[in-house]
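Each chain carries a letter (A, B, C and D) given by its place in the written order, and its residues are counted from 1.
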């Protein structure tokens, strides 16, 4: 297995090198480019850690969508960046902080090296309970049954996050369309990509949600892919982002959490506890929640990237002038 | 066979890692994006090799996701570049190595 | 039979790895951004393609084959698009000088036009 | 030393690096990046623990390895971390638009008070 260790060592060196670049690069734009590559490497690390479900989430969210977010922000903030370099702390302070951070890292490393040897694990307990849910993917089983309250809170908290982003608009712009995703130029290859890629992407996204019951995948991975395709279409200028006061879109944003809470509350009557599923119907109920959550998470992720409503998006003016 | 595939994965990873020197040297941000893009393709190749070598199923689906979103970094890059042209063309003067050599473009 | 397939895998994966090496060398050694872009596409198309080709005999199920080939096709599509996008990003501004936003449909012949803008 | 331990040490280093960047980098976007580094380090620690916890499954003879409970927690965490990053980035872009600053240090007033928003 030495060659496997070689791969792992190469991966770790790469990840650490990129992390060093992200921390130390002078310009934020270069650091953000490094972060895209970093997310990709982490995906491979997750595969090496036998966590394929996590690897899929990292590939879609960590590398794809976060990269889009950070690169866009770095471009917007570049004009203000030059003044920041004078604000760096002095050399002595940096050395002191470096020593303290190294101490924290060393402490964590010691914890890793001293982990108890028969590692504590809930894997057997999950494997024993899994057949009751009708699922075969233990990660989905944990998300939907064992720690369902976690998943419920997470899906609920995404909506306030979006409201938080929206609330950063100006008063005049409220009710308009989100303004972060302005298309670049019309005469490029981007519209072609935005026409060809989404059919495949939508297929893959729905497949991930459907297969997530038994194989690696699930609603979050699928929703991230679907959101990415939606964003691609918006960036290419083929479709405008929906206005924030659109009733249908607002309903889609909350249908997942509503579905989850409704089925969870029904569990009080039918199975004796909040979020408990009656065993005979566990699988169809979980599937219903997953479908609802996929719709809502897709909408939330896409709109989080689309940003707060802007007075009048630039590209609207541009395209109007052209047509 | 397993050892060969693992070795090939390590080789591809190491090679594209060398390409990351471009991320350090620049000189323009487009060059950095090129290095990230090469790392993306090489990462997918290494992932597929690893998956077949270790017999982890569904690795090809992870590769599929990566390939599907491979263009996203560059799409974000060019749309961001259009937003503020000075960020994409060359580095700010703050970059240590970028200032030394003149820009090819 | 199995030996021949293994040999095929070794040859194809090795060739693919060489293309990755070539792409990296080109990325590091070529003088300017546009030529580096050219080096990158070799690794994208041939490197990954040969690795996928070499892995095909090692996966049994036809679903696995479809997955591997789909990975390569998607990489081809995004590689081609990314090449266009980044090349436009490095295009010197003087090429664009006589182009106003209103004259955008008249793009140079090297940029494919997606004029059917709805 | 096994690969899992190696990844654990990598995670510890990532947390240290990210913490350094969070404190020493003046730009707020750099702080967000550094915070994401810390986050990924913590997630990797979870992954290492999940991988170790999967040992019992290998003994029991089931196919998949890895403790699914920490893995599920990481998936939840990744989605929430993305949402938090999106809010932070939007807040920062808004701050820069209104005050022409890319940092959170507000000692002196901004060079000039730009108009609140370009009128359409």
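As a convention for this text, a contact is a pair of C-beta atoms (placed from the backbone, for glycine too) under 8 Å apart; a residue touches a chain by one contact, two chains touch by 3 or more.
Since the structure is predicted, the reported quantities are computational estimates derived from the model, not experimental observations.
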Quick check: more C-beta contact pairs in A-D or A-B?
A-D
Just the number, please: Cα centre separation of chain A and chain D in whole Å.
12
Rounded to the nearest whole Å, what is the centre-to-centre distance of chain C and chain D, using the mean of the C-alpha atoms as each centre?
31
Where the CA atoms of chain A average out and where those of chain B average out, how many Å apart are those spots?
20
Per-residue overlap in chain C, given as positions that touch at least 2 other chains:
70, 74, 77-78, 81, 85, 88
Out of chain D, which residues touch more than one other chain, so two or more?
none
In chain A, which residues are in touch with two or more of the other chains?
4, 48, 50, 65, 72, 74, 76, 81, 85, 185, 188, 190, 193, 197, 200
Where do chains touch, given as pairs?
A-B, A-C, A-D, B-C
Listed in rising order, the residues of chain A that touch chain B in the complex are 3-4, 6-7, 10-11, 13-14, 17-18, 21, 26-27, 29-30, 33-34, 36-37, 40-41, 43-44, 47-48, 50, 52, 55-56, 59-60, 63-65, 67-68, 71-72, 74-76, 78-79, 81-82, 85, 181-185, 188, 190, 193, 197, 200-201, 204, 208, 215-217, 221, 225, 228, 232, 235
Please give the residue numbers of chain A that touch chain D in the complex, ascending.
4-5, 8-9, 12, 15-16, 19-20, 22-24, 28, 31-32, 35, 38, 42, 45-46, 48-51, 53-54, 57-58, 61-62, 65-66, 69-70, 72-74, 76-77, 80-81, 83-85, 87-89, 93-94, 97-98, 101-102, 104-109, 111-113, 115, 118-124, 126-127, 138-139, 141-143, 146-147, 150-151, 154, 157-158, 161-162, 164-165, 168, 170, 172-173, 180, 218, 220, 297, 300-301, 304-305, 307-308, 311-312
In the complex, chain B residues that touch chain C:
1, 4-5, 8, 11-12, 15-16, 18-19, 21-22, 28, 30-31, 33-35, 37-38, 41-42, 44-45, 48-49, 52, 60-61, 63-64, 67-68, 70-71, 74-75, 77-78, 81, 88, 104-105
Complex contact set, residues of chain C against chain B
6, 9-10, 13-14, 16-17, 20-21, 23-24, 27-28, 31-33, 36-37, 40, 43-44, 47-48, 51-52, 55, 58-59, 64, 67-68, 70-72, 74-75, 77-79, 81-82, 85-86, 88-90, 92
Over in the complex, which chain C residues touch chain A? Could you list them?
70, 74, 77-78, 80-81, 84-85, 88, 101-102, 104-105, 107, 111-115, 117-118
